[in-house]
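Structure first, then comments.
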Amino acid sequence: MQKQITIGIIGAGRIGKLHAENITYHVPGVKIKTVSDIYADSIKDWAVNLGIEKVSSDYRDILNDPGTDAVFICSSTDTHSRFIIEAAKSKKHVFCEKPVDLDVSMIKKVLKEVDKAGVKFQVGFNRRFDHNFKKVHDIVREGKIGVPHIIKITSRDPEPPPLDYVKVSGGIFLDMSIHDFDMARYLSGCEVTEVFAQGAVLVDPAIGDSGDVDTAIITLKFENGTLGVIDNSRKAVYGYDQRVEVFGSKGCVTVSNDTPSTAVLSNEEAVVAEKPKYFFLERYKDSYIEEVISFFDALRYDKETPVTGIDGLKPVIIGLAAKKSLLERRPVKTSEILSE
Amino acid sequence: MQKQITIGIIGAGRIGKLHAENITYHVPGVKIKTVSDIYADSIKDWAVNLGIEKVSSDYRDILNDPGTDAVFICSSTDTHSRFIIEAAKSKKHVFCEKPVDLDVSMIKKVLKEVDKAGVKFQVGFNRRFDHNFKKVHDIVREGKIGVPHIIKITSRDPEPPPLDYVKVSGGIFLDMSIHDFDMARYLSGCEVTEVFAQGAVLVDPAIGDSGDVDTAIITLKFENGTLGVIDNSRKAVYGYDQRVEVFGSKGCVTVSNDTPSTAVLSNEEAVVAEKPKYFFLERYKDSYIEEVISFFDALRYDKETPVTGIDGLKPVIIGLAAKKSLLERRPVKTSEILSE
Amino acid sequence: MQKQITIGIIGAGRIGKLHAENITYHVPGVKIKTVSDIYADSIKDWAVNLGIEKVSSDYRDILNDPGTDAVFICSSTDTHSRFIIEAAKSKKHVFCEKPVDLDVSMIKKVLKEVDKAGVKFQVGFNRRFDHNFKKVHDIVREGKIGVPHIIKITSRDPEPPPLDYVKVSGGIFLDMSIHDFDMARYLSGCEVTEVFAQGAVLVDPAIGDSGDVDTAIITLKFENGTLGVIDNSRKAVYGYDQRVEVFGSKGCVTVSNDTPSTAVLSNEEAVVAEKPKYFFLERYKDSYIEEVISFFDALRYDKETPVTGIDGLKPVIIGLAAKKSLLERRPVKTSEILSE
Amino acid sequence: MQKQITIGIIGAGRIGKLHAENITYHVPGVKIKTVSDIYADSIKDWAVNLGIEKVSSDYRDILNDPGTDAVFICSSTDTHSRFIIEAAKSKKHVFCEKPVDLDVSMIKKVLKEVDKAGVKFQVGFNRRFDHNFKKVHDIVREGKIGVPHIIKITSRDPEPPPLDYVKVSGGIFLDMSIHDFDMARYLSGCEVTEVFAQGAVLVDPAIGDSGDVDTAIITLKFENGTLGVIDNSRKAVYGYDQRVEVFGSKGCVTVSNDTPSTAVLSNEEAVVAEKPKYFFLERYKDSYIEEVISFFDALRYDKETPVTGIDGLKPVIIGLAAKKSLLERRPVKTSEILSE
């Protein structure tokens, strides 16, 4: 019979709670022993209901517990690196939300520590586990579209985040497009070498005032010559728009949005279908479950995690290149970021 | 805080196990205390893993337990009536798999006992809880298609059941079409008054030899004048085909099949999409969860169950009318079955 | 170089004019010499503009002209038989609009005369030449769905015809469903042996008062065992609804409606597409061209016409069986109609 | 009654013949008096069959004919400017195939001469008349998607042109993408101010050897701040891929490809639909008819042509900016091209 895995969760905001619930209801053989949060009081009832043993305001109660095997880091981005390093030193396996950090040299340091400690490390790029994108990935890997020529990613949110969040998020490229940069790498199986970003403030002038853009088109060049393009918007009134297309020498594969139902109503005015699922919690519901199942499988069977440290580093580099490209109005090589 | 509900499950075949797992993982506040099965030994490991307290070979261990509030009857059809009546007498609420019974007078007797005991009673017509069909139902109820004129139901299985099962199933109309008869009532909100069934043996001659058909078209007439048609096949090589259409004075609503992903591959030969989800366990996964949640909500808040005893009776009457129609090669009124 | 074919057209109502225009603009090598119409004066300008030589109020000016090779009979149904017989006797090839006649023995007499004269004869079942239905036909013929088990035809008009027309049309089965009976034969490649019709008056009570129904579901049994079902309505508010589905041992082929464009608008309310093309002139535009091209090809290369006299007779028999079925509330064999 | 318009056609290659046939069969009231071609002999039979009066090897037979009202210039690109100027001086209205010229100052000179002569002038950007793109245009104009934020154009050919043609075509941006630049202006109703082109040779190395690319992603910035992106490939194995998407503050409109039929085959392997219509002659068949009808309407009712001289100039400027961008690996402003 399977050995039970015991974990702790640092940070019980929306995503921390989501992981806790998914693990409780969908992953047999894993016990959440401790959850730490700076607002520990506010999560007590929730934790009791889930059968979580302990709630603490100090994350060290997790890292110092010898009975805990792994830790989920779901706190704010600026705390990730510190917690990962401490967790690695405590020999805990780590699942960390994206982005690992906004600073490339810090991420490198983190990865070195993780490596040294020999613990498992997975980054929360959940979209790789989405049924649609995984299918595209598999079709590409099976050679069904031949050699990829063009990769297109559409990624639009239904609403901009609060302005306070925009200001500390690192900007659209590091907060929002970073998922798309990961997707580009996942689908192509290849690294990005050059980035050109075109951006505009079309949704909300306040976003512009805070130094960011809300609409962007990002052209990518991959090391094998494939071209890519991402289009982002902070606000699609019809909901969460998440589509990809990979075009190659032998064909083209696309995925469209998921909808709450397949119902189509034909009436005197038009033929009407449902809007896409509203936002990431609905759209990527199952992918969040799959990613944690994969993490625990890697632990249990001592396999490589499906989203590694390098997978955490590379999208940040692409994001920084996009940021520089927008600022300097020229294509920027990813090697420029690495040599900075 | 919610009062805990304690239940027992009679019969741990495929569907009994499914309910047990759904309740364990998806319905907070419900405890499965006992599972009974004639092959009790074979389910022990499974039960332990789910945290079920007790496994018994005697269903009376459930019905006689004063700490048990409700019972799920998932045993073979020929035992349903007896178990329901005994459960009602023991003042247990009852969730019973479809069909309640193949005999109309027996169902009537069962409903009388349930009524007398004042317990809740729900029949397992899970498709009413499917996201697609529920949406069609809601669109019809909201008047968006006006007055219904034509209801069309396509329902085709990927594979015929084993021949042994076909022989005891009561025939295609009582085993398979019965879900569609329930759907017809659910979507129309109206009773069926006349049935004409046309059948053929086109899939497997052995099905014909056992006295059944494997392909059928059933025309329905509803009491408000609406017309309906169901087409059934025991074998659709492309998978589980489950679609409905309601056409009315102000429009038409349709639902198509669900697929594992929205991926579409265009290549030199064609434009290729995924087949429908394979069979009922995949297709109706969420509906099985929703139906038990609804049952427990009815218990907890003392509401009417969403699929009542009458909803268990009526489709059997329609099924028997279809059977008679096929045999006598003429349209049969449902009132003929009632007066038999 | 191709020999020029010279024709006359009897009857210049909507469909006669349509054929004249299609032949003029789309069929090289055919000359429309004469058009006859009882309201000859009203069509003179139209005829001049099309370059038609002669307009007459007497159809015999066409039949008696030795320079005319073929005649299109586009007058009212009650004149068809007489004109076909006279044309055959004058050794003119005949293209006749559907239905040939409402009387089976008269059609048989007509076909005998046509046969005796040795002229070509084609009936105007234009839907066989529609790109969608032709594709379904081809897929079925190529064996791609295996042996057909179920044929489903949806055929709904956007508006009922004027009540005066309803009264003389022969009823919904001979006026409207007759196209679907032809389609059933075309797609199955097989004859219908039994018909059960269920009808209702749901669109307009005045249609009921005139002795007809406006909504119908017709179940068909084919001689090879295949089952079929047609659903008809005189009024689909969203436009002309023309779909078919053939389900068989190796798969299922469906066609959906054509739309004016593929545009899809996603907005705050819904995802909105265009309604089907409005009515038969838009939807079947190209099929009308293809059918006359096929007719002239049959003349030019001395081939059998693609829609023969038998193809004109059989749907009328099915229509009469449907009418009898509705009246007598029982399934009716097509052989009953033939033996009357 | 309408005055007859008499025209001549210079150049009877594929596109010249197409216009001649469309005018003959679909545009009443227009007479093609003369066709000139350097290989006059080879087109005589074709011309006779179409009822064209005169075939000449000298285009001046058209321009010098006082009875000719307008001329279609369908010869090779390098002859366009000269023929337009001469035609304008001869007071003939001009329909000219795209591109007008590859040289901006020459186009300006041409437009000045056309203006001076006061003749009508239309450029052959036929895609504006396509049912799908016209619908997108109308939806955008009606404000249904609000203010446009992102315009996406996918345009991929089924096969690269012959290498000899690639060499003289002016390159992918002036030969192929030029249609997309026109589409970008048509859909946005706004001018492009900046272009960034990323290109690659992924289809055929010989195209690279001839100094061109065969795969491209072009980012556009419009003067109102809208962003745009075009992706091009010389070879999509599944056929002609022509889609657009306009995303804005109130919604998003997309069009997908047209297909020969709506048939969908579900079988044991997959759900299979038809490929897009093969190439521009099938896909844009009706748009070629609509564009000439519009031209003759402009002549007849003295209206502005729907695709003016400026519409001929601007896409060439964008194409030259794209070329420069690819060469210099930087975004290029369209004003740079104008000031050269």
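In this document, chain identifiers A, B, C and D correspond to the written order of the chains, with residue numbering beginning at 1 in each.
The definition used in the following text is that a residue touches a chain if its C-beta (ideal position, glycine included) is under 8 Å from a C-beta of that chain, and two chains touch if they have at least 3 such contacts.
This structure is a prediction, so every number in the text was calculated from the model and none was measured.
Visitor: Go through the assembly and pull out the chains touching subunit A as well as subunit C.
Guide: Neighbours common to subunit A and subunit C are B, D.
Visitor: Could you name all chains that are in contact with subunit A and with subunit D at the same time?
Guide: Joint contacts, listed by label: B, C.
Visitor: Please indicate which chain is farthest from subunit C, where distance is taken between mean Cα coordinates of the chains.
Guide: Farthest from subunit C by mean C-alpha position: A.
Visitor: Looking at chain pairs B-D and A-B, which one is connected by more C-beta pairs in contact?
Guide: It is A-B, judged by the count of C-beta pairs in contact.
Visitor: As a quick test, compute the distance in whole Å between the mean CA positions of subunit A and subunit B.
Guide: Taking the mean C-alpha position of each chain, the two centres sit 40 Å apart.
Visitor: Between subunit B and subunit C, what is the gap in Å from one C-alpha centre to the other?
Guide: The computed centroid separation for subunit B versus subunit C comes out at 43 Å.
Visitor: Approximately how many whole Å separate the CA-defined centres of subunit B and subunit D?
Guide: Averaging C-alpha atoms per chain gives centres 58 Å apart.
Visitor: Residues of subunit D touching 2+ other chains?
Guide: 236-238, 241, 250-252, 266-268, 274
Visitor: How about subunit C: which of its residues touch subunit A in the complex?
Guide: Those in contact with subunit A are residues 236-239, 241, 259, 266-276.
Visitor: Using the touch definition up top, name the residues of subunit D that touch subunit A in the complex.
Guide: So the residues of subunit D touching subunit A come out as 147, 149-150, 152, 156, 196, 198-203, 215-217, 219, 221, 225-229, 231, 233, 235-238, 241, 247, 249-252, 329-331.
Visitor: Using the touch rule from the top, collect the residues of subunit A that touch subunit B in their complex.
Guide: 25-26, 28, 49, 131-132, 134-136, 139, 144-145, 250-258, 260-268, 274
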